[in-house]
Amino acid sequence: MGECTCATGTGNKKQDILIPMIGVITDIRTETPDVKTFRVVGRDGKKLFEHMPGQCAMVSVPGVGEAMFSITSSPTNTQFQEFSIKRCGVLTDCLHGMSPGDEVTVRGPYGNAFPVETALKGENLLFIAGGIGLAPLRSVINYVLDKRENYGTVEILYGSRSMEDLVQLKEIQEVWCKTEGVDVYLTIDREQEGWNGHVGFVPSYLKEIGFSTNKTVLVCGPPIMIKFVLSGLMEMGFKREQIYTTLELRMKCGIGKCGRCNIGSKYVCKDGPVFRFDEIDELPPEY
Amino acid sequence: MEVNQVQRIGVFVCHCGTNIAATVDIKRVLEAAAKEPGVVHAEDYQYMCSEAGQQKVREAIKEKQLTGVVVCSCSPRMHENTFRGAAQKAGLNPYMVEIANIREHVSWIHKNIEEGTEKAIILTRAAIAKVMLNAPLQAGQSKVVKRALVIGGGIAGIQTALDIADAGYEVDIVEKTPSIGGRMSQLDKTFPTLDCSACILTPKMVDAAAHEKITIYTYSEVEKVSGFVGDFQVDIRKKARSVDMSKCTGCGVCQEKCPSKKIPNEFNRELDNRAAIYTPFAQAIPNVPVIDRENCIKFKTGKCGVCSKVCLAGAVDYEQQDEIVSQNYGAIVVATGFDTIKLDKYEEYSYQSCPDVITSLELERIMNAAGPTKGHLERLSDGKAPKSMVFIQCVGSRCADERGKSYCSKICCMYTAKHAMLIRDKYPDVDVTVFYIDVRTPGKNFDEFYRRAVEEYGVHYIKGQVGKVAEHNGRLLVQGADLIDNRRILMETDMVVLATAIEPNPDVRKIATMLTASIDTNNFLTESHAKLRPVESPTAGIFLSGVCQGPKDIPETVAQAGAAAIKVVGLLAKDYLVTNPCVAKSDELYCNGCSACEKVCPYGAISYEDREVNDHGIREVRRVASVNSALCQGCGACTVACPSGAMDLQGFSNRQILAEVDAICR
Amino acid sequence: MMYKIDQARLGELFAAIAEKKDLFLPVKKADQTDFALWTKEAEVDLDTLRTVKSPKDCFFPQSETLYNTSLEEGKLSIDAAALCDRDFVVFGMRACDVQAVKVLDNVFLADPVDTYYAARREHAVLVAGACHEPEETCFCKVFGIDAAAPAADVATWRVGEALYWKALTKKGEALSEVVKEHLTPAEESAVEEAQTQIRSIIDKLPYSHLKLDVFKETPMMELFDSDRWEEMYKPCLACGTCTFVCPTCQCYDIRDFKTKDGVQRYRCWDSCMYSDFTMMAHGNMRTSQMQRFRQRFMHKLVYYPDNYEGMFSCVGCGRCVSKCPAALNIVKVIKTMGGEG
Amino acid sequence: MQVENKKEFQPKIVAFCCNWCSYAGADLAGSSRLAYPADVKIIRVPCSCRVNPMFILRAFQRGADGVIMCGCHPGDCHYTTGNYYARRRMTLLFSMLDYLGVEHGRTRVEWVSAAEGVKFSTVMNEFVEKIYSLGENVRLEDLRCKES
Amino acid sequence: MQRELMNRAKELLIDETVVRVLGWKKGDLGYNHEPAYFDSPEELEENFVYDAFCGANLSKYMIEAGKQEGKTLVFLKPCDTYSFNQLLKEHRIKRENTYIIGVGCRGNLDIDKIKAAGIKGIESVDADGDMLKVKTVYGEKEMPFEEALLERCLACKGKTHMVYDELIGAGEKEEAGPKGNRFDRVSELESLSPEERFAFWRSELSKCIRCNACRNACPACSCLKCVFDSNQFDSNQKANADTFEEQMFHIIRAFHVAGRCTDCGECSRVCPQGIPLHLLNRKFIKDINTLYGEYQAGEDTDSLAPLTNYTFEDAEPGIVAERGRK
């Protein structure tokens, strides 16, 4: 009905949640051949918004597209937000071609977060990530490290195809590995010159290490890895209630209204993206 | 707004001296270009195509890490390859270059600076929008068949073939008539030296026939051409000669004995007759007759067979069939020559009604010792020697109306001078008058030749046109005008010779279509560039030799024949050619397998196969199109036939063209 | 308070409303009736039981601009579309349409509020008419909707020569105030007979006695895993007709359009029946039409009620029943899944 | 033609020209200094058969007031048959546009050879004249693409 | 005939000639029959229907059915066989996976026409005679069969099947029953002024809700990925956000099926807004017939379609303007 004249355009411009902010890229780090980390602030140079670990934001280049990315920086960072983005389509191609100073639009944060202030508080934590799956977990890890006293042991198991494909390697080696009470296990899929660490897939390394079950697990990675990690953890005696993951790839509009993220009675945008596996089990297998 | 910030575009604006700069405000174009998203570099230069200009492009590519280049200059048809080469030298894929044509399409036609500048900016934007979507393309390779085809066995074809063969490559000549030799073999003497045409042509014909690298197909026609530069597949129809070439000794008895002798002799311009079994002329190569089946009694009635009976070699073979020779060629030269125009629309010259009104080519035959009158100058009506002759120039040439040709046939002034001179030399008592519009004699020793005709031989040259020629008391009455003395002329004469316009051989249209070579409104084949590529057709691998490209005399024809030959040799010397990567490509995820594309492809480049595709997780076997990039020539017919847009053309992709449209309409 | 107006004088009523507010009502154009802005020339059609498109357009247009962006010298600017700030009246809705707006409210007014929708709702006055001649495709009764007494801001009945008018809410009363000079007070009882009549016809309609208990009593996963989906979906052509004529479907897509000097980001209706609906960067969550077909009906009959206290996101308007090109519809689904009355 | 004398309407005209004939014809018009109005902007395509109806509609959507397609003369296509297909496609498309009430003068096809610089210029002058007489394209416009 | 078709289908299922049957399943309102697959004689017995409300053209379903294991029996009305042939020609269906029973047809009914005649609350329709007997909640109603025919049946292409394995209820060469020249309405529109034509189409196309029913029901629109759903031409705008989109969608759709459209009329039948979309297709058919010679898509499986064919003497595009002057 093109004739509607109900908006006269006089003043009333309360910002809808779908209207983004303008974000300025201040720094771009090349993590791997196909992953770059973008640092984004508002035009005023300040952080765009506050978020919690595991939340996502919609990043867009007008005319190219928009997509949901998990925020990789920790909320404890007061300066900026970071997104680690893998090149896999038109929008990400475009983002990868950008330079510091370029502008994008950002809206968010969206979704729930890992329950760092509730369920996870005081718990021993095991992070398991594969490839770009480290992106959402990095936010939690750094949050936990910054509030170290609130949590028990921290163990990180991270693997990728090759040495070059390990995201945030510098931070892992220089910060995480050196933090007391944090155990980091790295692995790559195949033997490689210059790598003297573990070689093998994440699920098998998981079993080799053989973690005790007195901890909460946060998993993120490719579906196939999650599947085997999950069964590995089950074998080791973990309960599904102890394991969290994030389904942020199913988010579209970000606010649970456009209908795409609807799985059973849940909306990933509103009820997720962070779910405990026992919650996921109750959903139809459409994720 | 196409915000694809991956690309880093450099814009280079050429002044072309003042050719562009005079009517386009270069500075404003630069400013506008620099503002476009994605443009990281913009500069101008006097002559972008010069070495220094190209250097600028190369430097900017390296320094600014350009991913795309837009050159605002002359037509891409002129310098696209130049700038692609420059890009390549700087390490950029050559297909990341686009040209905005701001000379031919802007500065040369729009005199208003405001208008020109605005349009130049828009065309620049369109080129930027397009280059944003360019993708690096890799040219493929295709093999070169080391053999050339020459269509037409006249002096142009013979010379081209000889030159190619001498360079060491195989050449085939296809000649429609029973013998090579062409128009030149019909000529008596040649200007400006007056040497005998046969004396200089025959050795060349013999050379060609004897050359081990040359194969001659006479009485043959090109039937079908497919393929492309480097590898054309050609079917040649060898028409049934009805005489076995391997057995015939060329004794000529059959022609003498043939009872059917009333057939107009084409070689003598139908001024006399020949037999049904015949060789067109004595020096014919091959010296093997053919049976003209339409006029042969044996073929018409089944009875006769005289030739077969008299042939001691047993060469006559009534059962012979047309034969198709299929051969692959790396290059093709068109040398199809010319004919004189038909004069049926020129009633005023009474050519149809008066036997004594003849064309210049007929006069050649009459003057020739092997001609219908054995070389005696005589009136065809009564066999009497003429006392007076009138030559009329520009019959159908430089013609304003639709009866004739708008162009100058170029050779008539000279051969008319030749004819006049020869007649005055041999028959000093014959009075010769020439009516002309202009006498055009550019060429070495040409004007001297003409002046000799006037000064030494006393030929009367009258500037003016003839309005009417009519029979009058057994003679011809010529009504004309003398424009210099401004008087009407009414004179009686015995013979009138018409310098009839020449036109390309009518068969050339069919051949051009087969070769996809373009042709102009006068049926002359179009050269790739009027000045810089005069012997190449715009279709790669097709070359032009002789009058099929435009009117020429013999030395020019021979020169062009040599030029075409060297172009062919240059091509055949390569083992592989770089193929045009701007070819169609099918996206299997979008392909319906409907075959619409296959049906419109002129090159048979599209084929279908059942292939397993992975459509976002759905794996199934589908019938999908694939393009043979060596066969595809990049026309794009398939892209529009495809409803789903699966078929796209690299270098001219749907999205590139849409981006140009958007930029232009912005 | 019941009022009435002579039906012959409705034009005056419309003109009076239109003077103050935008007025949307069923208008016949090229043989079809849809809600459109009232003009003097418009061919108002109150006889057609239901419009092709539901009035959800008035609150959630098929396509609406969210904002425009432009890029100048590397700097982005965003210009958000203005929100609705002018009152409007939707006249001639049906009881089912009104219920459908409540279904939409649950989604769009839930946190985070969709301000575009909220603004339109705030400025809208719903005037609904009783369905005097319900059709065989109607099944609003199944959802507890009373077509004889639409629960809008103003309910109307057409009895004899008169249109009866009764405000049910404050918004409705305010509207009555605006047009009061065209209305004359009437007896409440004037419409009772018509109501009884309507209810008795509705009782006779073939779909009026569907039972939906199966969707409440059966565990979700059992319904989800039912074999019946595989049987039912096959005729589905995967078009969006049911979705687009549905008054409660609210899935949308957000897309970009490159304008002359920028990018317009707009939102438009989308359909979960479309094969690319759930196509996202990582792949497609529902690759088969069966899954998509199931999603639509599971959502209407199971997921939505699960989130909103048992309220179904179907109102029994029957639009999909009459418009599906393959004669599929939610009633067939309900029956197949065991909801026959 | 004197553009200045016309009223303020400045048409946008898109010309699709095939590389081998018409684009070369346009080049020849240029080198022969045969003027035609600057409103005409040429897009080079390999062959007239590359022109998709989508392109033509897109041009109108984006604000073009006229679209002309030029190719080799029938029989002279560089690719042998391309212009034959183009001819049918455009005939049908134009007929449909006409059927929908879009002025038929806004679309045109001309065959211009590489040698016909004069024709190119004449055709463009005529076409621009025609578009001036038709005025702005309002029947196939997209309001979103109008000047804001 | 329903019984006869059902029995034959059962036989073919039982003797394993086919593994499934594609036909029509009885609707619950007496007129809303849906296309359906039957895997067993029992299912056929229970639900199979064939009457004047089996308008749905089953050809397009054969694209999916043909991909499955085993032969599918499909019932095709005479006009459906044109669509089937066209799909065969475009390699979208495997003939060897299909067993076609050509069914006789006396024309299909348009429920919207019945409703437009003021018949509401329909409980059942008896369409056996020349008069329809309609039972409604408002009492019994009648209307002539002829007056309720679908638009496409008013321009019936004839009762001859173009492709089949066997025929039931149909003569080999039954006479066509065209009720009028199918191009009458097109000619009528052509004779209007451009302004009137523009107004006509504007008002029709402005109703379009872009639900894609026309496209998805169209047997010629068999693209795996329609250009309007893909980014190949930047044309996946999904909604008619501007009036231009309405025109664009329908022009391009008609153009893409030009020369391939068999004039089966499904587009108009399924349009929820009653847009006479067949008038766009028929315009192309009419033009093709007059400019390039009579052509009926789907009549055979090997001729060149008008848009993948040409002659040297084809009309010039300028003919549109010349016609306009007349």
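Order of writing sets the labels: A, B, C, D and E. Residues in every chain begin at 1.
Heads up, the rule we're going with is that contacts are C-beta pairs under 8 Å (C-beta built on N, C-alpha and C of every residue); 3 or more make two chains touch, one makes a residue touch a chain.
No experiment lies behind these values; they were computed from the predicted model shown.
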Comparison of D-E and B-D by number of C-beta pairs in contact, larger one: B-D
Reference subunit B; chain at largest CA-centroid distance: C
Nearest-to-centre chain - CA centroid comparison: D
Centroid distance [mean C-alpha coordinates] between subunit E and subunit A, Å: 50
Distance between the centres, which are taken as Cα means, of subunit C and subunit A, whole angstrom: 38
Whole-Å separation of chain centres (CA-atom averages), subunit B against subunit C: 71
Multi-chain contact residues (two or more partners), subunit E: 227, 233-234, 241, 243, 307-309
Residues of subunit C engaged with two or more neighbouring chains: 34, 62, 71, 74, 253, 257-258, 260-263, 270
Numbers and ranges of subunit A residues touching at least 2 other chains: 62-64, 102
For the subunit C and subunit D complex, residues of the former touching the latter: 257, 259-261, 264
Touch list for subunit D against partner subunit E, complex: 52-54, 57-58, 60-61, 74-75, 81, 84-85, 87-105, 107-109, 139-144
Residue ranges of subunit B in contact with subunit D within the complex: 75-78, 101, 103-106, 108-112, 115-116, 118-119, 122-123, 126, 509, 512-513, 516, 518-521, 526, 538-539, 582, 600, 602-603, 633-637, 639-641, 649, 652, 654, 657-658, 660-662, 664-666
Residues on subunit E engaged by subunit D in the complex (per definition of touch): 186, 189-190, 194-202, 227, 233, 235, 241-245, 247-248, 251-252, 254-255, 258, 280, 283-284, 287-288, 291-292, 306-312, 314-321, 323-324
In the complex with subunit E, residue positions of subunit C that touch it: 29-32, 34, 49, 52-53, 62-63, 133-137, 201, 204-206, 234-235, 237-241, 243-245, 253, 255, 257-258, 266, 268-271, 274-276, 321-323, 325-329, 331-332, 335
